[in-house]
Structure formats: structure tokens, C-alpha cells
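Shared between the two complexes below is chain A, which pairs with chain B and chain C, respectively.
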Partner chain A sequence: MDIVVLVKQVPNTTEVRIDPKTGNLIREGVESIINPEDRHALEAALQIRDNTGGKVTVLSMGPPQAIDGICEALAMGADRGILLSDRIFAGADTWATSTTLGRAIRKIEQFDLVLAGRQAVDGDTAQIGPQVAEYLGIPQLTYVQKLEVREGAVIAERALEDGCEHIEAPTPVLVTVLSSLNEPRYPTVAGLIDSTRPRAPIEIWNGADLGVKAYEVGLAGSLTQVVKTFTPKGARNTQYLEGSPAAVAAQLIDALRKKEIRLGE
Partner chain B sequence: MDFKLSDEQRLIRKAARDFSFKELAPNAREWEEKHHFSREVFEMMGDLDFTGLYVPEEYDGTNVGRLTAALVFEELAKGCYATAVYLTVHNMVTNLICQYGTEEQKERWVKPLARGEKLGAYSLTEAEAGSDAAALSTSAVRKNGGYVVNGTKLYVTSGGVADVYAVMVRTSDAHKSKGISTLIVEKGTPGFAFGPHEAKMGLNASPTTELHFNNCFVPEENILGAEGLGFNFAMTALNGGRINIGACSVGLAQQAFDYALAYAHKRQQFGKPIVSFQALQFMFADMATEIDAARLMVYRAASLMDEGEDCMMEAAMGKRLATDVAMRVTTDAVQILGGYGYMKSYPVEMYMRFAKIGQIFEGTNQIQRVVIAREITKYKGRKRPDSY
Partner chain C sequence: MSRIEIDLDKCSGCGMCSRSCPYQAFEIQDKKARWIEDRCTLCGACLTSCRFEALSGEMPVREVPDFSDYRDVWVFVEQHDGRFHRSGLELLGCARTLADDLGQRVAAVVLGNNVGETARQLIEHGADRCIVVENSALGYYQTCTYAHVLAKLIGKYKPNILLLAATHLGRDLAPRLARRVGLGLTADCTRLSIDPDEKILQQTRPAFGGNIMATIVTRFSRPQTATVRPGIMKALDPDPARTGDLIAEQVDMAECREFTKVLECVMHKDRPVDLTAAKIIVAGGRPVCSDRGIGVLRDFADAVGGEIACTRVVVEEGFLPPERQVGQTGRTVRPEVYFACGISGAIQHKAGMDGSRYVIAINKDRDAPIFEMADYAIVGDLFEILPALTRAVKGE
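Let's turn to the complex of A and B:
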């Protein structure tokens, strides 16, 4: 099975802080890493390849430094890396990003499965996977926590709010995964030695390679624009409950009800 | 002079950092309290190729060199100093056999050691031979195509859990240091037993035990090099070992610093974060400066060794400074956390206990000064040649 894995470089923090003055993300001093859920997607791809053969290609769009993530992915075991990097890709919203990634996957041609993390920790939109699937006109399975491959099909367990769903889809198909899917391996030293050598199997594609026009991608190709980002100023309000465990539990349930917090069925 | 790491070094450091953060740091306290050595973690480090860092590829190492190895040890020490330390000893022994062993010995020991299937230990110290290691008395007497070994070795890192031991023994009484040889002894050899895990001030995730030799027969194919070369081997190994301990100590100091700094930003007293008090800012400034100095010295010694240059003095200086800095910085970190720093529910008191051993093993810091002074005085007052 030939697999394309979408990986994104993100700041290494789950609490991305926002500069209150400018509204921008504070990235200084924050190391870039492969988006955590993308590592699970890559691990799934590597396991499938190890069992069934085929080739794993990692695909990333980002500035030149994003090549680090591709080197790491190769050192974990991916066969080929492609970085989409061009000034015209800059400032892309999820629409423009999906378009660019979709074009690249079309160019790769040979694929049965596209794997991606559910969402990136620096944006939390969970839109890229589904939009890429739409662009490619293939089925999508999101929130996958178990994945099996068959001849010409995948069978997945999707985590839903109140349970899970077993679902089968024909290939080619796009799957977005949760971190509960597997335990990703680490890149090895030997792998990193190979993946940082000049002859490592990494390609860098720009706009011309994809045959896109500047107005289709990047900021110009985006349907949305960030007007302002800010940290909501929710004041924390601690309420202490006292009494026996049973009494505390009853008070807690009342308090949650009063705030109209759903307690499940 | 270029202070930039290569992409390879940068990404290997990052992999080590990630591993350390996810696999070591969350467990370090529990391992320390329960005196638990995790074989599983050693095997994981083997899978990541941390077990043969300066052994060539043909013996299943990665040969990334001393500087890259120092980066790995530094990162691992941030998560668990004890784990980083025993891994450095393992790498030291693997390299020792690789450097001086025969083809058969490399096949037999270096490959499984480099792959992380076997764990290595190094045994020089004895009860009456610590700093004066050449005074060791564990005897190896030639008999029937091998040696009969008798005696007790002290304070062996990974004693009992290691599979392969490089043991310095006395094969001749004629000379002090030239009567010492290195035997490779495998766990399970009849007549070879271990004392209990010593209870220590810190570093308890890394067992330290005695080795007991009681008429233990070691075949002659287990001697490293030739008779009489053992002390030289032991000292050469320690030279690299000092760079490694320096690297671990830099990592430990950095970890304590990072923890204390984050704490000082959050902790409020007198209506503001304590980091805003100049008294603490100056402490942080000194800590940062000293950590940086230690790191540069350790990296410099490692680079010299990678280039095949003599670095006896530089390695000793790096070890001396880095371990003293780690002691000071971890002590200051406890101070900066105030009463919380003294509590076991915070990690800095553990860092402080870890730091102390760095000043003692692989040659005490007094012995480092002996080494440094020997190098300085060997020119009899003439100017030392420029090393740059």
C-alpha cells in the first residue's frame, strides 16, 4: 500500500501563548516539532507498510526550516519526503493549504491512503484532512483510533462523542487519526545521519513544480483572514464543596446542572 | 571558530531531548525512590542507537563522535541523570573493547553492546585503590590457558545488571601500574558474583555494587590487548569518560536552571513574581554564565577528541568545571524554590543529590586538578604551545 502522510511543523507547546499587544503567536524560544498527532499518523503508515509493503511519503508545507520534520520522519522510517516551500504559499489559511497539499498529492499520483493527524496544536481547526479529501474527491474517515487495511479497503474505528463507529471505506481514502491509535517510534541516530545527508530522499517543490498560480495559494488564495487573535479573559472562580463524599457529589451535580453543563445520557 | 552544530547534530540532540522528556523525566523520581533500574529503557536506548555512539558502523555503532555523544548525554541527563550516567559508562566500555580488542572480541562483545542487547560496566576501583587506582590488588594468576581471578572490586556502576565487565586486575606484582591488565568478564562466569545494590545519596536508578571474584577462571582470549596494558586502557577510557560526565552535568545544571527559572516567573511574593527581585536575577545570571562556560569547555574537549588531538587537560578541566557548576546550580535551584525546593514533591532536591556524585567519580575533582596541574607543569615553566 502506498501511503502519503501529511505532517506539519508546530511550536512545541500545547499552551501556545499569544502576544497580548500584537495578537500574534509567540514563537521565539519555542522549538518546532512534528505536530503530535501527525506522528501517530506516520507511525500508522509505517506499521502498514511494514506489514503489507509499499512506500511511505511524508508531505509537508512550510518554510525551509520545516525540512527538520521531514528529516525526522525519514529517520523514523519514511521512504520519501516532500517539502512544499515557496514564498507564494505563505499566509495560507486552511483552504489554501488544503489546495496546495491536494495539488501535491495529485502530482505524487500513486497512493492508496492519505494519513493525517486530526488537527495541529497551533491551529486546532481539524480542517486540513477533510478539505484535502474533498479536493481529491476521495472518502474521508476522521477521528480514527483503530485502523486495519484490507485489499482495496480500510476498516476504521472512529471515536465519536458518545461511543465509537466501525466503518469501512474503499481506497484511495483519507484518514485522520487520534493519538490513541498507537505509540509512535522515535527517530534513530542512524536514521538521522542518513536523512541529513545531501543525498537523502527529500524533494522541495515550489509553486512552479505544482503548476499553481500565486492567486490560488498562500494569503492570496485564502478565503479567510485573521483579523485578530486574543486570549479570552475568563476569570477563574473557585468554589469549594464540603461535606461527606456523597454530599459533595450531590452538590457538584447540582452546580454543574445549574451551569447547564451536560452530564451525558 | 564555528559554534554551530550541524543539522545531524541538531536533530540527534532533538531526538534525545524528546526521548528524555517523554521516557525518562516522568519516571526519574520513582526509579530513584524505588532503586529501580529499567532494562526496558536501556533497550529502548539501544533501538534509538544511543548505545554505540562512537563505535564504527561495521561493529553496529553509529560513529557520530564525541561531540554528538555529549549532546545526547546532556539531553538524557535532563530527564534522568542516573540513566545518562550508566549509558556513558556503557558507551565507554563498548568503545574500549572496540579500540583495543581483537576481531573476535569485537564480534563477540562490541556488536551486541553497540546494539544495546548487552549492557557494559567498567571496574577499576577497589577498597584500598580509589584515587590511587594503580594500587589495585585483585589478582589474576595465569593457569591452564587463562587466569584465575581473586579479589573484590568496589562501586561498579551497573554491577549485577550489566552483562559485560571490563575489569582491571593485577597480573604482575613487579610494577605498580604496568602490572595491571584488563579482562573482559561476562556475568554468569563461575566464581564471579555481585554484592548488593549499595544504598546511595542519589543515582539509585543506576545500581552500584561490588564484584566478587572467588577463584574465577577467565580464559585468556578475554584479555584486552596484552598483559600490563590495563592501566593505560583504564586511563584512556576515563579521559573520554570525563567528557561524558561533564556533558551529563551540564544537562543536569541546565535542567535545574530551567526548572528554577520557570518557577521564579510563576511564584509571587511581596506582590510580584520573585524573578523580578534583583537578588534572584543575579543568581540566574551567574548560573547561566557558568553553565555556558562549562558547556563550551566540554564541547571543546569533545571536539578535540573527535579530531584525534590530545585533550587530557581539556577533558579534566571540562569535567571539573561542569560538575562543580552542576553542584552550585542545583544548590541554588533549591534555594530559589525556597521551602518547596527542599521538598521531595519538587525535583530540584533530587537534582542536587545527583550533582554531588559528578564531583567524585571518574576521578574526583581533586584528581582532575592533579591531571590539569601535571599537564601545565610538564613544560617546566616554558609557555604551553597554542592549542588553537
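Let's turn to the complex of A and C:
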């Protein structure tokens, strides 16, 4: 089974901090990582390949330094890496991103399965998977927590808010996965060294390689635009209650009841 | 279609254009430049490169299309077995405000099988009309079938705005539909408003784990489409006096291509708690990661008639199930009162509870950020404060 895995390099958002003076994100010193759920998608791909044969290609769109994620994926066991990197891809919303990724997958031609994380931690949109699937005209299975591969089909367990469902879809199919699917393996040191060698199986494709025009992709090809960013601010007048636990408790319960909050009545 | 023209009389074959091009879309033959259309992305990088003014070309200019025939605010209301998902009612409340600002109507859109007259509820909750598509194929959600029906409805009615809840279903369906119809889509919005000048939808959402908020607009496609986090918007109280049209719509299913087959659907036996409906929430952070900690939390929650909730670490440590997690990766709640007990107040947690009416913070650390987002702050040990509160509520 030939598998394409979509991976994104993201800032480690658990380490992102806000500059209290300017209100801006402090990006300096924040490491880039493979989006956590994409790592689980890659692990799923590697397990399927190890069982059934075939080839795992990792595909990423991003600035030149996103190659680090591809190297890591190769060191985990992927067979081939493709980085889509071009200034005209920058500033893309999910519409333009799915156009770019979709074109690249069509250029790869041979695939039975496209795997990706449910969502990336920097944007949290969960839109790229379904949009790429629609672009390619193939079925999608999202929120997948168990995946089984059959001849010409996959069977997935999708998480619902209050349960789960088992769905069968024919290949080729796009699947987005949750972290509960598996435990990703670590990259090997030898693999990391190999991935930086000149003959490592990594290709970098630009807009002309994909046959796209500048107005179809990136900011120019996006249907949405960000018009403003700001730091969320709390606007509460904090009142400190002091005294013994019993005194503080009495004050608080009294204050809430005065506001006509019903406590256990 | 734009193209690059080369004036061969002016071209010296110097190769500057070729060097300026990221795509090798020029080659120099017989001391003249030649443009290779297939390699050109029309990025325009070459246009200023020629010292002899031999290059010319007009890049495509993007214009905002005329969308004046797109009207009304649509809400896709999820239903399961004839019961409407709460998020749909919340969206109707939000849509009401938007539609009033625009002087347009609110339409609820329901897909299913045996929906019938129950759709009247949606009119009571703020819709001016309710478009119902009933078909045996719509009884259980399947991505491509639902996308097919909604795409047909959009083509017929041309709505101005389309809102869907950011539930698992909404987040599976909306991007598929958006790609099919050619729509910009904003995910997981927490605030929606109409720009007073341009009369377009301002879609505000958290990014980078809630560290920043971004406001997004969709100028180049209609309907302006967004998914909205459940639990954020307020549903209107049902008003039985409200009137509206129930429209039974038929959609041709002949062209509908559904790939998937639903083999089985397993619902949790115990209906999991719905924190978004709770009036009082007693939430704990890392210090409650013990049986005793959960016990103290539960005692107080029982006394005030509230639900217990927690931060991510408590779920990761296995002390409470994921449906009780509040925050960016958990639930978004807006209770009357939110007790944050031993919670430091990371921005990811704040994203899930900021809409609470009153916030009470209990923490040993005087500098914990949670105090900045609290109405009442108690600096102290929750293992002392919570039992005292429990006794005070019970009047002991």
C-alpha cells in the first residue's frame, strides 16, 4: 500500500509565551516540531507499510527550514520526503493550502491512502484533511482512533462526542487521526544522519513544479484574510477575600447569594 | 489570462530576467530571452529585472465579485433521531443578532429523516424560516451525502452567511462543503459580528493554543462560512409566539456520490456529562490529582449542585474523563459560576472558561495568572478552603 503522510512543522505552542509589554507572541527560542498528531499519522503509515509493503512518502508545505521535519520523518522510517516550498505559497488559508497539497498529491500519482493528523496545534482548524480529500475527489475519515487495512478498503473507528462509529471506505481514502491511535516510534540516530546526506530521498517542489499560478495559492489565492490579531485580555475587577478559611467561605457564599446565585437550593 | 511579453528589439540577452525568476521560466537562445509559459507562475518577480525595458506583462488583478444577490443568515442545525443539538440553538441566537444588523432573515437548515413538525422549535429559537430536507439517506450523517445536499441548497438559495457548530460532525462536514462549493471557511470561531462599514462577517477565533485571537473576513466567496465553538454563543429563550415558514425542500440525490458505509455506531452507555449546560462548575488543577483531591472537589460540587471539571493534566493523570476537561483542547463552558481550584490559569485553560459569568479563583500561589481573570480571589490551600465552603453552603 502506497501512503502519503501530510506533516506540518509547527511552533511548540505549549512553549509559546506572550510579551507582557507588547502583547506579541514571543517566537524567538521556541522550537519547531512535527505537529504531534501528524507524528501519529506517520506511525500509522509506517506500521501499515511494514505489514503490507509499499512506500511511505511524507509531504509538507512550509519555509525551507521545514525540511527538518522531513528529515525527522525519514529517520523514523519514511521512504521519501517532499517539501513544497515557495514564496508564493506563503500566507495561505486552508483553501489555498489544500489546493497546493492537492496538486502535489496528484503529481505523486501513486497512492492508496493519505494520512494526516486531525489538526495542527498552531491553527487548530482541522480543515486541511477534508479539503484535500474533496480536492482529490476521494472519501475522508476524520477523528480516527483505530484503523484497519483490507484489500481495497479501510475500516476506521471514528470518535464521536458521545460514542464512536465504525466506517468502511474504499481506497484511495484520506484519514485524519487522533493521538490515541498509536504510540509513535522515535527517529533513529543513524536515520537522522542519513537524512542530511546529499543523496537522501528528499525533493523540494516549487510552484512551477506543481504547475500552479501565483494567484491560485498563498495569500493571493486565499478566500479568507486575517484583518486583525490581538491578545485576549481579561476584564474583571478582582476582589481579594481574606481571613480564615471559614471567614473567607462565609464572605464568598454571602456575596454570591447577594447576586442571586442559587447554590445547592 | 495574463502573460509575459518580451520585446525582442530591446532584449540584449543579458539574462537578468532569467536570474530574477525563481522557476527557470526564461531561457536565453541566440542572445534573446524566451519565456517558458509552463514554468511561469505569474509571480511578477521578473518585471522589474530588465534594464532595457524589454519585459512587460500585466499580472491578474483580484477583484471582489458582486455578491449583492446573496442574502440571509443560515444555520445548519445538527439533529440526531429528531433531537436538535444544543449548539444549533446557540447558533440561532447568534444568527438572529447578525441578521438583524444586516436587515436579513435567519434560516435554520435541517437534514434528516422524520424531522417533521419538530422543526417549529427552531422558529421559536429565533429562525424566520426553516428549510427541512427529508430523505432516508439523511437519517444518519455521512460526509459526502450531507455535503451534496447542502451544496445544492446553497446553489438554489444563495445565502450570505452560513454557520455550523464546530462539533465533530460540523468540523467533518464544513471543510468538505467549503472545498466543494468554493467557500472560504473559518474554524472554531468564538465571536461573530458584522463590520459596520463593509457589512461583512467578522470572524474571531483563537490561534496558537489561545495565545492570540485573529479576526478573519471572507471577501471573495459567499456564503461567508464559519464553524463556531459549542458553548460560546447564547441560545435565545424559546418564544412560542414567534412565527415563520417551514419549507420542505427536495434535493435530487441522483448525482450524490457517497463512498463510505457505516458498519456500526456505538454510543457510550452512560450519557457523558454535558459541561456546557452546567450552571455551576467546580474545576480543579494539578493539586486535585489524588482520590482525596477529587473527593474534596466533588463534595463541594454536590453541595452547590454543580458539576466537577478539570484542567488537562488531571485528565492525563487519569483522575477524570476527557469530557470533564475545560480549555482549548477540552470543553468551552460559560456557567453562572466557575470555581477554579488549584488552577494556575494557563491561557489554554482560560480559553475554555473565560465566558463564565463569575469566576472564583482559589490558589496557594499569590502570583497565579488565574487571579487576573477572577471576580473573587482567595489565596489559600484548596484543601482548607473547599471544605470550609462546603460547610458554609450547607449552613453548618
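The rule is short, and it goes like this: the second predicted complex is superposed on the first by the 219 of 265 C-alpha atoms of A that agree within 3 Å, B and C clash if a C-alpha of one lies under 4 Å from a C-alpha of the other, contacts with A are read in each partner's own complex, and residues count from 1 in each chain.
The criterion applied here is as follows: a residue touches a chain if its C-beta (ideal position, glycine included) is under 8 Å from a C-beta of that chain, and two chains touch if they have at least 3 such contacts.
Nothing here was measured: the structure is a model prediction, and the numbers come from that model.
**Q** For A:31, select first, second, both or neither according to whether it touches chain B, chain C, the two together, or no partner.
**A** Only chain B; A:31 stays clear of chain C.
**Q** Contacts for A:169 in the overlay, against chain B (first) and chain C (second): which applies, first, second, both or neither?
**A** Touch status of A:169: second partner only.
**Q** Would you sort A:68 into first (chain B), second (chain C), both or neither based on which partner it touches?
**A** Only chain B is touched by A:68; chain C is not.
**Q** Quick one: is A:186 in contact with chain B, with chain C, with both, or with neither? Answer first, second, both or neither.
**A** In the superposed model, A:186 contacts chain B only, not chain C.
**Q** Of the two partner chains, chain B (first) and chain C (second), which one does A:200 touch, if any: first, second, both, or neither?
**A** In the superposition, A:200 touches no partner, neither chain B nor chain C.
**Q** Looking at the overlay, does A:211 come into contact with chain B only (first), chain C only (second), both, or neither?
**A** second
**Q** Looking at A:219, would you say it contacts chain B, chain C, both, or neither? Reply first, second, both or neither.
**A** Neither chain B nor chain C is touched by A:219.
**Q** Going by the contact rule set out at the top, does A:159 touch chain B (first), chain C (second), both, or neither?
**A** Touch status of A:159: second partner only.
**Q** Where on chain A do chain B and chain C both make contact?
**A** Of chain A, no residue contacts chain B in one complex and chain C in the other.
**Q** Within the complex, which stretch of chain A touches chain C?
**A** 11, 13-14, 16-18, 25, 86-88, 93-95, 98, 121-131, 133-135, 138-143, 155, 158-170, 173, 206-208, 211-215, 220, 222-232, 234, 236-242, 245-246, 248-250, 252-253, 255-256, 259, 261-265
**Q** Quick one: which bits of chain A touch chain B in the complex? Just the residue numbers, please.
**A** It is residues 31, 33, 68, 71-72, 75, 185-190, 192-193, 195-196 of chain A that touch chain B.
**Q** Would you pull the chain B residues touching chain A in the complex into a rising list?
**A** So the residues of chain B in touch with chain A come to 6-8, 10-12, 14-15, 18-19, 44, 47-50, 53, 62, 64, 72.
**Q** Quick check on the complex: what are the chain C residues that touch chain A?
**A** 22-25, 38-44, 59-60, 62, 143-144, 147, 167-168, 171-172, 174-176, 178-180, 182-188, 202-203, 206-221, 259-268, 271-272, 279-280, 302-305, 328, 336-337, 347, 350-351, 354, 358-360, 371-380, 384-385, 387-389, 391-394
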